[in-house]
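Here is the structure we will look at, set down as structure tokens.
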Amino acid sequence: MHRGKAIVLALVGALTMGWGCQAMADDNAVIKGKIVFKGDVAKYKRSTIKTNKDPQCKKSKKKIGTYAVIFNKKTDPITVRNVMVYVKDGLGDRTYKAPDEPVLLTQFGCEYKPHVFGIMAGQTLTVKNGDATNHNIHFQSKVNTQHNFTQPKKGMTKDLTLLKEDTFFVKCDVHPWMGCHIQVFDHPFFAVTGKDGTFELKGLPAGKYTIEAFHEKFGKMSMTVEVASGETKTADFTYAP
Amino acid sequence: MSGEHHKELGFFRKYVFSVDHKVIGIQYGITALCFLFFGFCLIMMIRWQLAYPGEPMPLIGGLLERLMGAKWAEEFMPGGRMTPDFYNALGAMHGTIMIFLGVVPLLVGAFGNYVMPLQIGAPDMAFPKINMASYWCFAAGGVIMLSSFLVPGGAANSGWTSYPPLSAIAQPPAAGWPILFSGQTLWLVGMVALITSSLLGSVNFIVTIIQLRVKGLTMFRLPFFVWAQFVTSFLLLLAFPPLEAAGVLQLMDRVAGTSFFLPEGLVVSGQVAMVQGREIAGGGNPLLWQHLFWFLAHPEVYVLILPAMGIVAEIIANNTRKPLWGYRALVYSTVFLGFMSFIVWAHHMFMTGMGTSISAFFATTTMIISIPSVIILTALIISLYNGAIRFTTPMLFALAFLPMFAIGGLTGLPLGLPVSDIPLHDTYYVIGHFHYVVAPGTILAIFGGIYYWFPKITGRKMNDTLGRLHFVFTFICMNVVFMPMFFQGLAGVSRRLFDQTQYSWGAAVQGWTITSSWGAWMLGVAQIFFFINFFWSIWGGKKVSNNPWEATTIEWSAPSPPPHGNFATEPVVYRGPYEYSVPGMSKDFFPQTAVTEA
Amino acid sequence: MYRNLLRMLILVIGGCALMAIVSPAMAQDATAPSFDVEITGTYGPFLPPDVSTTGHQSDLLINTLHWFMGVLFVGWGIFFVYCLVKFRQRPGHKADPKPVKAKVSKYAEIVVAVFEAALLVGLSIPVWAEVKEGFPTEEENPQHVRVVAEQFAWNFHYPGPDGVFGRAGPQFIDMASNILGIDPDDEHGADDIVSGELHVVAGRPVIADVTSKDVIHSFSIPVLRLKQDVIPGMRIPVWFNTKDDSAGNYEVACAQLCGNNHYSMRALMVIHATQSDVDAWLESAKPEEFDEDEFD
Amino acid sequence: MSSELLPYTVKPHPVTGVYSGKLGVWLFLASEVMLFGAFFSAYILLKVGAPLEGPAHWPLHSERHMSWMIGGFNTLVLIISSVTMVMAWVSLKSGNFGKARMLLGATVALAVLFLVIKITMEYIPHWRDGLTTNTSNFWGIYYTMTGLHGVHILGGIVVISYFIGPGSKLWHENPEYYTNRIECTGLYWHFVDLVWIFLFPTLYLMS
């Protein structure tokens, strides 16, 4: 338990944006890897979303595309973006305090930024409207309150806290194409793949973990990884639909 | 009911849990006036958003933040600007409060309870304890409704009509809150309490009118007000249960996961067959609610207007110093109106995909029901002919009722014919139409009734100067509020729009909206005359005799205020209700209870 | 009493005038509708422009009714004011309790009833039958479109060149790429076009099937005098035709409270002068590939 | 409350021929008819409009797992309770309070038996079998209507128990008044039975 508390202290001191933490010397195991795609890339073409329902969308951003499947075609092998990787099991009964920094969810160009993200239970989520139009934010949460509110003006913000572990989709009912994916954790060990398709879970205590990858189209995948103190291990996932 | 107590009742039994119809009537009156004012405050807030969409509300915004706390303000009025959800909640609650907690309890609960037993010479209502239960059910329903403003997500915001599926999917309870604690669910629970209240009340009214009339008071010697209450009670008795059934069904949809009003293949916000985070089977019918709802809500319209006509008839007969013209025609029209009101409900649903034959049927019944309304109005106007009209304060309100109700009734015609209803349905034209019936119509009648019976209730008269000022400003402002709505409606502006300037036809008539809003705020200011007059007159008004208006009906032969049991000796009735200006008499009124000219 | 009446009259008129002067001064510039294009036609406090071939009938009914109401109201009003003045209480004047034999009122009521019946049978019922059930035949070459309402958007589904709508089901719905849930394996659906705008041709009748995904909406186009509640679980066909010279941009509204953003549930209807304009627009509305390198 | 009873509380009105309570109960029952009428109309509308297949379809008679035996037995229980109720009133009319009290007790016992059977032999097993309110609208309206009827039974139990217990004092003060009240309760009780007699074939027998 002592170690757990130490981690908490360290987290409180130095956590930024939920992931990435300056851990103490003996809590610095790292699991990293990439999300590889094997299959027919052409089957999952992105297409442009017609935003002409609301001319204000184009004023912020000229063109937006479908978001469900995004590949990083320049990496080798081809990797997948917007995959949430997180520790599913193995932390025991350690508890972690949520960082003070809020997570920012922006609506810009009638698109959510970021599209997939994690947040810790109790951490503040700031929802911001960056468009000169009316947005509606509809949480399809299962455990947490199903917030459903409107931000009619540019620059409006609203702070929320999500209190329990949950996985859900957020939608804008005014611009039906807008959606983003939120996962609420009670620990800070989660990451989302970006343009290079890699992830890194830092500052883990030594132990045996089940880590899971989640993609909104390709689904869930998990594997077990054991790390010793200070060790860095690689865990690559491959989606082959 | 068997209590043979001679001892003085304690404070609670006398004023709070009283079984005396007069105390209950006053309780109803005060509570309902408070609700009426509260409902009016809600609409004054709405009018700000309508006139100046998206602008922070001056004064009130800050005041509410103080009053309700920063958290509440952050959810409903961030920065003093109301959110669309809050706007919808205000609209829905304005309708509900005004109808179910304001006007009906005033007309039936307050005037009916206080005046009706006196007018039939009864010592009390037939079931005094049930009368008390009726009031407390009403109060409980009101408290439940109001408490919904405090739960997360706010009060019910699916319109006062609560059409499912919207009302079934709206406002899932917040995490950690019991399932009943969401605005719409509380609305339904509150409605069930209110329906129970009106059921108890209406049984009591009918039994009282049938059983407890004094000797000599035949049905055709009843004052028209009593007839109006009688028909109203039947409407309440028979029309409300279907809404109770509908309310229970919707409650099940919200709480128990049924899908009575939820069809198959529902996709809410991209989620298939998921409502409030719960999977549903589907297979229901959204129109079922509308049928059950309007089966109540159309008779409800007559519940709102008949007692008001009763009040106006009383005041007109008294102040023209002559009998009502066509008393029997009035009574028959009222009864016919009551019957017909049960078979016109679907004219609220012309736009739901109705075929020619069904729409023709309901259009026909609607046209038929307009005839008795025309007869009643005509009879009341002709009653003025050959009279000696006294312009007393209550008479001013009663007279104003006539043209206002005429506007309200006439503008119902284009809405009752399906074809002209197409462009006007669900626009401000509808709002203008029924507000002309209920606000400048019924509410003016209510004010008239308060000025008229105030001397009976307190033994004092309300101040005439203040009363006249109140009348003039109320009358002007009402018209400034509601007349522009017809133009907005013709222009095509839908009701319940958070920001009508989004549409070009809405932006074009925004000036009218602003006029209307200013009218509403002025109307609020004009009520100051009434408040001052009302409270000052209770203690400081001019003391008057038992029969200050020189009226004929029985209530004026009782002392003011009437003691427990109402009449010292049981009155006996010798003649009809409006024996004014009988030829050959020295006085121009001949009370129902007088044996000969005193 | 006269003086009192006079004083009151002055107050009434003065008050009204004051309000009328003050309130528009408080007016702000109304926010202009936010479409890229200019909305055609001028709008004001009376009925909006009518671009449909059937709308003049409901306008006729509305206008007739308002004249009728006006006559009745003025008639009542004159009698009312006459009574107030003539029969006011004053020294030497007494009420006469004998009921007047009012033949006029009886005749007036009969006239009202007959007039209402005439409007109902002569105008309302046949026009309703035409507007709601008189669908154009296939010879008249109507344009078919599906209208799918949802919180808070109108989706218009065009069948594409093959003229057949693709099969749709809730299980195929993807809010970003397949908002109506068109079966990707159905060949008829491949050329279908889904858009948030309604594009029609002047003078060509349109048959629209309206449905809803979630709650009750109301498909309302005031310039066409068209309104139809959209009930989930029901497919209701409506039809309309536009005047030959009606080309322009108009608004489609939702007229039934459907949730918090009901007020922003608005769509653009474009009436084109020729069919080729519509075809060109349909071509431009086809889905296109998104090149992430260019836009990310 | 004045020291005297209101007129026609006990004795019938010379013109209408009924005492006030009886008229009140009849009016109340008229309102109840509208309430259950609305539910039956809703039942018919939902049944007619239900999808023909899929999970939400209206279950066929054979799919309902409802035993007409249990329902029929319960019908019998309620009919007998109606009879005991009438007999109680008749005994009061002839001045036999002891017997009436016993018969009222029997009525309550039968009502409780009805609820026990309904809950233990139908609700609980059905719910365990996964036939819940959101299985389909048939089950939804089944639970709603029988539940509402159950609430009415419960109300009857409370009222009759009151007249057996604390309310029976009235018999010694004003026997006619007490008898009237039992008559009114009886009217209500027959109505509740009548509702069940409509519910039973609708839910158990019709396919």
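Each chain carries a letter (A, B, C and D) given by its place in the written order, and its residues are counted from 1.
Assume a contact is a pair of C-beta atoms (placed from the backbone, for glycine too) under 8 Å apart; a residue touches a chain by one contact, two chains touch by 3 or more.
Everything quoted here is computed from the prediction, not taken from an experiment.
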{"item": "Centroid comparison with chain C (C-alpha atoms), farthest chain", "value": "D"}
{"item": "Middle chain, criterion being Cα centroid separation", "value": "B"}
{"item": "Separation of mean Cα positions, chain B and chain A [Å, integer]", "value": "53"}
{"item": "Interchain centroid distance [CA atoms averaged], chain C/chain D, Å", "value": "49"}
{"item": "Whole-Å gap separating chain A and chain C, where each centre is the average of the chain's CA atoms", "value": "45"}
{"item": "Where chain B and chain D are represented by their mean Cα positions, the distance between them in whole Å", "value": "34"}
{"item": "Residues of chain C touching at least two other chains", "value": "34, 150-151, 175, 259-261, 264"}
{"item": "Multi-partner residues of chain A (at least 2 other chains)", "value": "148-150, 171, 173, 176, 179"}
{"item": "Per-residue multi-chain contacts in chain D, two or more chains", "value": "none"}
{"item": "All chain pairs that touch each other", "value": "A-B, A-C, B-C, B-D"}
{"item": "Residue ranges of chain A in contact with chain B within the complex", "value": "138, 140-146, 148-150, 152-153, 156, 158, 163-164, 169, 171, 173, 176, 179"}
{"item": "Of all residues in chain D, those that touch chain B in their complex", "value": "1-3, 5-9, 13, 16, 20-21, 23-24, 27-28, 30-32, 34-39, 41-42, 45-46, 49-51, 54-58, 132-137, 140-141, 143-144, 148, 170, 173-174, 177"}
{"item": "Of all residues in chain B, those that touch chain C in their complex", "value": "51-53, 83-85, 88, 157-159, 163-166, 169-170, 263-270, 272-273, 284-287, 320-323, 325-326, 351-356, 359-360, 363-364, 367, 370-371, 374-375, 377-379, 381-382, 384-391, 399, 402-403, 406-407, 410-411, 413-414, 417-420, 422-427, 468, 472-473, 475-477, 479-480, 487-488, 490-492, 494-512, 514-515, 517-519, 522, 580-583, 588"}
{"item": "Chain B residues within the chain A interface of the complex", "value": "54, 74-75, 78, 83-85, 152, 172, 174-176, 269-271, 274, 276-277, 499"}
{"item": "Chain C residues touching chain A - in the complex, by the definition given at the top", "value": "34-36, 150-153, 174-177, 179, 195-197, 259-261, 264, 267, 285, 287-290, 292, 295"}
